[in-house]
Amino acid sequence: MTNSLGKIFTVTVFGESHGRCVGAVVDGCPAGLSLAEADIQPELDQRRAVDSAASTPRLEEDRVEILSGVFNGITTGAPLTMVVWNKNVSSADYDKNRFLPRPGHADYTAFVKYGGFNDYRGGGMFSGRLTAAFVMAGAVAKKLLGQLGIEVLAHTVEIGGISAKSLDYNEIKKNAGQNPLKCSDIDAAANMMRLIEQVKKEGDSVGGMIEGVALNVPAGLGEPLFDTLDGELAKALLAIPAVKGVEFGNGFAAARRRGSENNDPFTVKAGRIVTTTNNAGGILGGISNGMPVVVRVAVKPTPSIAREQNTVDLQNMQDAPITVQGRHDTCIVPRAVPVVEAMMAVTICDFARRAGLISGVIK
Amino acid sequence: MTNSLGKIFTVTVFGESHGRCVGAVVDGCPAGLSLAEADIQPELDQRRAVDSAASTPRLEEDRVEILSGVFNGITTGAPLTMVVWNKNVSSADYDKNRFLPRPGHADYTAFVKYGGFNDYRGGGMFSGRLTAAFVMAGAVAKKLLGQLGIEVLAHTVEIGGISAKSLDYNEIKKNAGQNPLKCSDIDAAANMMRLIEQVKKEGDSVGGMIEGVALNVPAGLGEPLFDTLDGELAKALLAIPAVKGVEFGNGFAAARRRGSENNDPFTVKAGRIVTTTNNAGGILGGISNGMPVVVRVAVKPTPSIAREQNTVDLQNMQDAPITVQGRHDTCIVPRAVPVVEAMMAVTICDFARRAGLISGVIK
Amino acid sequence: MTNSLGKIFTVTVFGESHGRCVGAVVDGCPAGLSLAEADIQPELDQRRAVDSAASTPRLEEDRVEILSGVFNGITTGAPLTMVVWNKNVSSADYDKNRFLPRPGHADYTAFVKYGGFNDYRGGGMFSGRLTAAFVMAGAVAKKLLGQLGIEVLAHTVEIGGISAKSLDYNEIKKNAGQNPLKCSDIDAAANMMRLIEQVKKEGDSVGGMIEGVALNVPAGLGEPLFDTLDGELAKALLAIPAVKGVEFGNGFAAARRRGSENNDPFTVKAGRIVTTTNNAGGILGGISNGMPVVVRVAVKPTPSIAREQNTVDLQNMQDAPITVQGRHDTCIVPRAVPVVEAMMAVTICDFARRAGLISGVIK
Amino acid sequence: MTNSLGKIFTVTVFGESHGRCVGAVVDGCPAGLSLAEADIQPELDQRRAVDSAASTPRLEEDRVEILSGVFNGITTGAPLTMVVWNKNVSSADYDKNRFLPRPGHADYTAFVKYGGFNDYRGGGMFSGRLTAAFVMAGAVAKKLLGQLGIEVLAHTVEIGGISAKSLDYNEIKKNAGQNPLKCSDIDAAANMMRLIEQVKKEGDSVGGMIEGVALNVPAGLGEPLFDTLDGELAKALLAIPAVKGVEFGNGFAAARRRGSENNDPFTVKAGRIVTTTNNAGGILGGISNGMPVVVRVAVKPTPSIAREQNTVDLQNMQDAPITVQGRHDTCIVPRAVPVVEAMMAVTICDFARRAGLISGVIK
């Protein structure tokens, strides 16, 4: 299945930007988990457009609705289905540009792959709106991981070349939620916001970087040689529209270091084996080593910009200009932050299921 | 299956560094492909240690042997099994350090995951030696892709911070094979080699970056939302030991660009839709767009270094020094180049199978 | 995923008997198929209770609703989601017997597997009602197969020991739809109906046998050694509640024949290779041979009967009597007939996708 | 993967009848299991031809060889590879009949599916010889299940219409191994043997039925709605060449019973919930209920018979006679008995892995 992720804790996603709904079926969620819409809604709210230049002014009041898998407020072990219903969808803009693929979007590739039958309105199934389904599934995964003490958090570490300074995880947790850019360095966040406002005026967009961290992941998660923890995280994160790169620990910086600098020495601390540094980002040989799992993703600038761009008219195979209508996020990085959390949570939850740390019934 | 990759063209890998053999079963290879050991051996030879400071002086004369799936020199459609038999394996070094996990290696995580029953000799199944299996499978995939005109090539673009200059694909093809570092910029290669020799004297190691390119991939390959072309490539590439990051097209650099710079405008050229730039690395919405598929991976410095390092004695849970014995690659980047090609070929071949471009029988 | 069936044309089922809905997500449905609720509704109507002693008097007016994957009346290649909403559900009966597992039902095994958290109302996810989801997916598969000229039909061949006489496929098609028991032998059907009425009066139930036939299946479908056509059909058919056995062609009767009787001789007929008999039921070595695919399933008598039965009180682990309340089918065989068709269609459609006979886009 | 079975405990099979070898890769075998060739060889010997009319006089001294996954006599958690090397293979017979598909065999369907590139010698990958790989994997599964107290046993219950009388499991265990037909009813076995000898003289063959029983399977194994215990068992058993039907518990006989007869009443016995009868064959709703899992398979008569048969010459598309050369089993039922055990063991072992009863490391 191409729209499913995970082997035991499996998420199947459906829906379109301008269709009836967006939804997720979670198969393999253990029975016995207390779960209500109220557990999921706050996560959904995190990915909602915020009232600022950073994000789209469209109002999407996504209300999650659980369709199956919960009985008397507790998961039953049956497939768990959640949807948000679409509203406020004006498709007229899209009909006009139906045969003009927007640069940087999936319009052209979807057209080719699905023979022109794809729902082109707002990107259809390729819309960032589908990440609402990721987030709903992620909310369930986060709740399950919480029972193991595993915590997943993501935050903005760079926007338009402005970097946040490094902070410890407690500060990140405290600060990141307090500003609309989900950046834990408050000063950098202010600069980022100024940049975004300026770029917006220019009819342009900016990208950035998000760091995801999973704390208290026990050593031993991951299934080599191919179903590695890093491999599956990368695959899940690259499903987020606009993500173009993924690195673990030092990542690309490791390529410029010496082995003597980059190796993380082991030591015993409080009776537990740890490494004194975490250049590996918590993963060795595709398996968690007990240190924080650290991943960073590169988010490209929003492809929808206000300026006229060059494209092709697919009907007559000629060059044609396009001006993308509608209101779009100047920078989608902050809205992608909860999605990064969700994809990490879903992936780690699947590995915890595979390792038997989470079994079929919550006791 | 955790040691299998691909959905229709599926590669299952087995073996250990110091066991009997290393092998691969390819399930889903079409019937009717002319195939002999001679098609695979040259690829295997590419990953062999070269006579230079860059690589390990161990002699491994890996001779591929086809055990099943070929009859009268043609694939039958049955599972295709290939092995290389191990020889020249001295395990004594490893026994001594059995309970001293080497920093930067999978020793500790394998110990935890497999309860200490893992074959610790030379990293066992986590050894870089397993990439021989990747390369054998990749050789088959490359031959299949060749029938579609798809070509996969990889080359070293950076070692120890020294970057190769950008060259066109014809020059890359011509040059990369001509120096032991598989770097197409001959001058940079000379500098890299000097650096490697110096680092070797220091008892240290260096990492680098490899770029992989797939040419003539038709638009439409990739299975969103989750089995994306980029997601599956990333997963496959992260199975190569020492790879810590993967980026597509501009990758992390895209995070610092404006949308107006980063979007690739479409245009019609010779009756075909192309983009005038290839910042996307040939992938939009997880689907190939007909431009070259471009991926770069970060290779960390070889974790085995000659210097004493700090680790932990797993038997008595105390800090302990370790000096990794044996002869190791100062820089494994060049040996990983054919492996990058192999993983790209295997992944793209699977998508070509899924899309029906390669069917069950070669006509 | 445990609630999914198929590898490329994949059906994921969700919902419960007394929950909000029952639904199916079809992943891998090609783009370009004309599809509306009106294509699916008639199939759903086939499994509806009929106005006779044979079936339950409950009224279920299941109206299919397409939630995703169709745009302008044509499939888009995105996941296709269909639901029927539940109504007319009275749960009170079930609450009373919550801890008294009904003999012959999944109540006890579900209780054990899901730690008592399963939705016990009407069997929850184990209810025969879930077959509405099978039928919706089957309707899509049948439409796709129709484009290849493949036709799937099922009919009742035995109820309570009364066998239908053998008829040719044209008569089966013509007759089976004309009586509520879906039996093509009109005389036998009358006898079956009399038996059912008598058994109903006795507060008991009867089982029977259904034959499924797929016509015009080309030779070459099936993926040995394990994903065989017969193996996958059997797995799919055993997902239908009450099915306890599956046989192909002569099936169990073949066990009593000589090889000289049972082998189907090949011959050339109108330039095409056929067999002069079809003892193999159209399958050799797990692969279709071009003859009709013939399968028969054994349907056990409805476990819900009006008589008091012996069971156990799960709360105090003591023997206890149970009288199953509600109105139930005396014989569910006729209602299972369209479900057999659906499961055959879904399975064959998946193989047609795997073989490339149905590609990702309908031309 | 089409040649793989199981989701967590996964068996991949390779090899051909007249190729180099037949082998299996077991992925997901837990680390820490004591395992040597001596654990596997006795199972292999069970499927060897016996010195009697019942079986083929060919001598196959299959010696298992472990190629990976075991270190110091203990499984490591890495893929476990086992092979038997082929010898005593004369292919000349097959070359002569290359284009004459044998009735009842997979020759024709393999020819169609693999475009004539299939290895036709002895059926290639479709040969019963491949069941040696099943049995090797089954031996590992049986050893793992033994640690849970689960025992799998199969025995011949019918040959050529001669039925064995019903015996209890202790007698079956004691008797079945003591005669070459693996039938626990000694008198019936003698009659069966006489029939086989007579049929052999007639140049014909006979089929039969095998019953498989799994004892001490705990309640709760099986993953509905589709990955059911019965569904997966049926799929695995239908991979055995010549199996044409599968039934559970009463199976097809249930179709002729009343609900009041067929339902198994629950009762408490020694503090444990059991059923007073086992018409369900230990499975309700696709999940084990704690009673013995009972399955019966129909084995068709050996398609290779000494008499001339009608077939088609694939080269010139004309009818042609064929006389199958070589020495073949008059009745393959006894040789299939250990294969039924193996397939049951592999399937149940996978479910035990999925349920967490067998984890990644044996303690």
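Going in written order, the chains are labelled A, B, C and D, and every chain counts its residues from 1.
The rule is short, and it goes like this: contacts are C-beta pairs under 8 Å (C-beta built on N, C-alpha and C of every residue); 3 or more make two chains touch, one makes a residue touch a chain.
Note that the coordinates shown come from a computational prediction; the quantities given were computed from them, not determined experimentally.
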*Sort out for me whether C-D or B-C is joined by the greater number of C-beta contact pairs.*
C-D
*asked:* Based on mean C-alpha positions, I'd like to know which chain lies farthest from chain C.
replied: B
*Chain centre separation (chain B, chain D; CA means) in Å*: 39
*How many angstrom lie between the CA centroids of chain B and chain C, rounded to a whole number?*
46
*asked:* Could you work out how far the Cα centre of chain C sits from that of chain D, in whole Å?
replied: 27
*Send over the residues of chain A in touch with two or more other chains.*
2-4, 13, 113, 125, 360
*List of chain C residues in touch with chain B within their complex*: 7-8, 354-356, 359-360
_Interfacial residue positions of chain B with respect to chain D in the complex_ = 1-4, 10, 12-16, 19-21, 23, 25, 27-28, 31-32, 67-69, 71, 74-81, 83, 113-115, 117-119, 121, 124-125, 360-363
_Which stretch or stretches of chain D touch chain C in the complex?_
2-5, 13, 101, 103-106, 108-110, 112-113, 125-126, 130, 158, 160-161, 199, 202, 204-209, 219-220, 222-228, 230-232, 234-236, 238-239, 241, 244-268, 271, 273, 275-276, 280-281, 284-290, 298-305, 307, 309-312, 314, 317-319
